[in-house]
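There are two complexes below, and they share chain A, which is joined by chain B in the first and by chain C in the second.
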Partner chain A sequence: MNAKKAVNFIMFSLTGVCALLTVGILFFILGYMAWRGAASLSWSFFTQLPAPVGEPGGGMANAIVGSGKVLLLATVIGIPIGFLGGVYLNEYAGMTMSFVIRYATDLLNGVPSIVIGIVVWALVVQPMGHYSAMAGGIALGIMMIPISVRSTEEFLHAVPLSLREAAVALGASKWKAIATVVIPAAMRGIITGTMLDFARVAGETAPLLFTALGNSFWSSGYNQPTATLPAMIYTYAISAYDDWHRQAWAAGFVLLALVLTINVIARLVVSRGIHMPRGAA
Partner chain B sequence: MSSASNAEPKRSVPGHIMTQRFRPALEKRASGGESERKTTPEAKITASNIHFYYGSFQALEDISLDFTRNRITALIGPSGCGKSTFIRTLNRMHETVRGTRLQGTIRMDNEDILKHDVNVLRRRVGMVFQKSNPFPKSIFENISYGLRVNGMARRKELGELVERSLRKAALWDEVKDKLSQSAYGLSGGQQQRLCIARALTVDPEVLLLDEPCSALDPIATAKIEELLFELKDQCTIVIVTHNMQQAARVADFTAFFLMGRLIEFNETKVIYTAPKNKETEDYITGRFG
Partner chain C sequence: MAYSLTLLAAGTIFLITAVIFYELYAQSVLPRHKFGWHFLVTQTWDPVAGQFGALPFIYGTVVTSMVAMLIAVPQGIGSAIFLSELAPPRISDALTFMIELLAAVPSVLYGLIGFYVLVPILQADLVPVLRGSLGFLPIFQGAFYGVSYFSAGVVLSIMIVPFIISVSREVLMAVPREQREAALALGSTRWQTTWRVVLPFAFKGIMGSIFLALARALGETMAVTMVVGNTPQIKASLLAPGYSIAAVIANEFTEAVGDLYKSSLIELGLVLFTVTFLINGLARLLILATRRGTAA
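Right after this comes the complex of A and B.
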């Protein structure tokens, strides 16, 4: 009896500690980044270009804008493909097709990001002859597709069959029912999935190193090498200068804050969704 | 299944005849090959020799049944007897389920509905489901959905048509001040009447109701039954119900299904007072099912 009680207590404690550790790690990272990053953060970080080595001050305004540009292009490329692919997967694909698509999507999701970087480098950067924001956007866009497909599928799947039946029974064609009833009913979820997808690739570094590369100055359009926050963090963190290290902490803090904010907003969006009537979902 | 049911499909033919003098003629026609059956003037829909399969499972066996114009026909029978499967063939909703197969012919006003454009057919044959299924949209958008999706009205006319449908479904007074609110704010009974109103907006010739009151309390049920009486003038109504009192109250004709077969079909009062079949009698008197 006592042995049983002891095992019970040990397992209870062990699992509890591990759960606490999980929460703890998150808060440690948050706290540490806030401590190191916030201290190095100043208004000029958001408004100025990087200062040359040796000169104090400077910021990463170009990297913030560059990240925005690259992510915008990634979203424009990745989300429509992922969303429509998800619609096909959930609404049209038969048993075999949906198995194949789901499997391929999960494999694509598992492709290391650096491999996607190499491929884009070979197919976009090399033919163009130079690094560009466009190449970075394409690489991240490809990375957004699988998550978008699966989250779209998941949220469409949660729309009750009875709503599709209601629409079709009123004379709507299948596509009209999907476009006017099913997708709107799943819209909040799909938006949430898109935001989480966006937040996930916002921190991707490896594929950007040899697609968008980096830039110490402003770059206009999508045709030039472009600074991005993650690549900037990488470059600055491995440099030999204390000033740069501080800037890297600040950039890490900004990136983390951005990703967390998007995550929290995304969760709010989905939790405020219209509740399906009991039993219908 | 007993031997009594073997001859049932034919028995279904005279059942809908309202006056005695048509009876001999029809019996004659029925005996002369049912696939040649023509729609009688009273019949809005004529289903002939319907066999239905889910994969290899046969859910309906040789069902032949006429639905009289501007009358209410009830389909009764125990769970799994095929009555819901059958009603879903009348607007071809079964086609939305993979692996189903239908044999036989269904004619509406002498047109083969299986060759009809399916979206037009479903506009003409409305359906109300067991669980109320309003869209997660406003009341107004719910009611006007059918009009918009079928391109039946200009934006300006929508308001008027929505009001007309809600009045027909006796829901107007309850919702007129909250048309822009979500339909999910309505009570269960109101939601089901909303679904009826939504189906009525596109002026269906036939209204199919698949156990529309099974989730409702007696008061809400009474309102819907009252509504069905009023709708008889405008359309032909087919209702599946588990509730035998309901069938007795609302239906002009009643069909009794058992294990995928049509056992007996006749005027409701005949079915309830003098059923010809032992199984029908047992079911109606509550001895099984």
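Right after this comes the complex of A and C.
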């Protein structure tokens, strides 16, 4: 009898240790990034171009703007396709079509990000003859689609049937009911999903390596190689210069702060009181 | 009108997925004709001589992922049991929230911390201890320079643990209360209930979460590239530097000169795509099976 209790106690203690270890890693990462990042961060990080090798100082203003540009394009491409695809899946698709599209979405969600980089290189960079912010935006845009589809579909699915029936009973057409009743009812959830989607691709590095590439200077428009924050962190982190390592920590801190802030706001504020369905994030 | 717009978007999604597969296949025709299946089983990766064999990369991808799974699976399932069976709902929710944040940390930052923090810790503390106790095993022999299969596996394990936890926790929480109550009423302790009733009930779903995590580990690029050592070789020792499929693509793609070199890297992408496709499919089937099981 006592042996049973001892096993019970020991095993549950071990599960507690596992959980605490996992959460402990999060706090370690947060603390360490804040410590190293804050020590390396300065005002010039946000306002200046990268300094040439050997010269101290400099910043990553071009990479911050570059990331903004690439992410803007990605959102403009990924969210409309994902949103409309999600509406189609939940509101219109029959058995066969919903299986096919859902399967394609799951498949796309599972494609390793570096593979998306290769394909966008083959389809955009190769024909254009040069790397560009546009290629980077397309790569991240494709990555945004599956999560957007999923969260739109799940939140639309959660809207009660009685709301639709009420709208249709009042004489609204199917599309009118969807556009004016169903989608607004699901809006907070969809916005939450979009924010989490955005945060996820904001830190993506691999698909940018051979699409947006990088740049030590400003790039204008969407037609030139463009520096981005995650790619810059990678380049600087594996370089041989202490000064660049410091910049990498500063950039890492900024990126982490951005990603986690969006996550916390989306999960705690925007989605307050609504249940987050599985697969929405 | 509105209908066709949504149909168009859905069609685009299907098209993109199809095009990804087609492009990988079409652009890797050169090495497939030249090397055939030998591409997958030869070891030489020599761009100068035009010899391309993927085996060291495949080996490295598999080994780093296995190390990651060995650490992450017990830790993830343990945490999920704690969160679903023991912790009070509010604490469970708060911890789950934090674990989901851990999943949101960009992979390049795992690489950064892995290289500058974890690798030195492994070098100074953990590996000497491992050698002291398990040094007779071939997998812990040979020189250790810090970057290695082992380091990459440890970093990967940290990255995939949140996925195992969040899916497993949901699956465990979906196990009907009656199952637990019946076991407890028969005099089982809570652990016996968990071990003999709840876990078997949720088995398929947990396996699903494991395969989902495995697919992530196989395709993970940045963190592995920064700590694996980037050396195309096959060594029995986990402490030796190695390489992975995703890492070699990330490192060499922009500088690959010549059609054969570039398309060999694309064929590696095709290999990675195919493997993750199969594993993801298996994971979805398993998770779907439990959902159906619990609904009935």
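Quick note on the criterion: the second predicted complex is superposed on the first by the 267 of 281 C-alpha atoms of A that agree within 3 Å, B and C clash if a C-alpha of one lies under 4 Å from a C-alpha of the other, contacts with A are read in each partner's own complex, and residues count from 1 in each chain.
One rule holds in what follows: a residue touches a chain if its C-beta (ideal position, glycine included) is under 8 Å from a C-beta of that chain, and two chains touch if they have at least 3 such contacts.
Predicted model, so just to flag it, every value in this text is computed and none were measured.
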{"item": "Partner chain(s) touched by A:Val115 [first = chain B, second = chain C, both, neither]", "value": "second"}
{"item": "Touching partner for A:Ala257 - first (chain B), second (chain C), both, neither", "value": "neither"}
{"item": "First, second, both or neither for A:Thr205, with chain B first and chain C second", "value": "second"}
{"item": "First, second, both or neither for A:Arg267, with chain B first and chain C second", "value": "second"}
{"item": "Which superposed partner A:Ala185 touches (first chain B, second chain C, both, neither)", "value": "first"}
{"item": "Partner chain in contact with A:Ala51 - chain B first, chain C second, else both or neither", "value": "neither"}
{"item": "First, second, both or neither for A:Leu72, with chain B first and chain C second", "value": "neither"}
{"item": "Common interface positions of chain A, toward chain B and toward chain C", "value": "none"}
{"item": "Touching residues (chain side chain A, partner chain C) in the complex", "value": "4-5, 7-8, 11-12, 14-19, 21-23, 25-26, 29, 32-33, 80-85, 87-89, 91-93, 97, 100-101, 104-108, 110-119, 121-123, 142, 145-146, 149, 175, 178-179, 196, 199-200, 202-206, 209-210, 213, 230, 233-234, 237-238, 245, 248-249, 252, 255-256, 259-260, 263-264, 267, 278, 281"}
{"item": "Complex contact set, residues of chain A against chain B", "value": "94, 160, 162-173, 176, 180-181, 184-185, 274-277, 279-280"}
{"item": "Chain B to chain A touching residues, read off their complex", "value": "91, 93, 96, 98, 119-120, 122-123, 126-127, 129, 131-137, 145-146, 149-150, 182, 184, 191, 195, 198-199, 202"}
{"item": "Chain C residues touching chain A - in the complex, by the definition given at the top", "value": "1-3, 5-10, 12-14, 16-20, 23-24, 27, 74-76, 78-79, 81-83, 85-87, 95, 97-102, 104-109, 111-113, 115-117, 158, 161-162, 165, 170, 189-192, 194-195, 215, 218-222, 226, 246, 249-250, 253-254, 265-266, 269, 272-273, 276-277, 280, 284"}
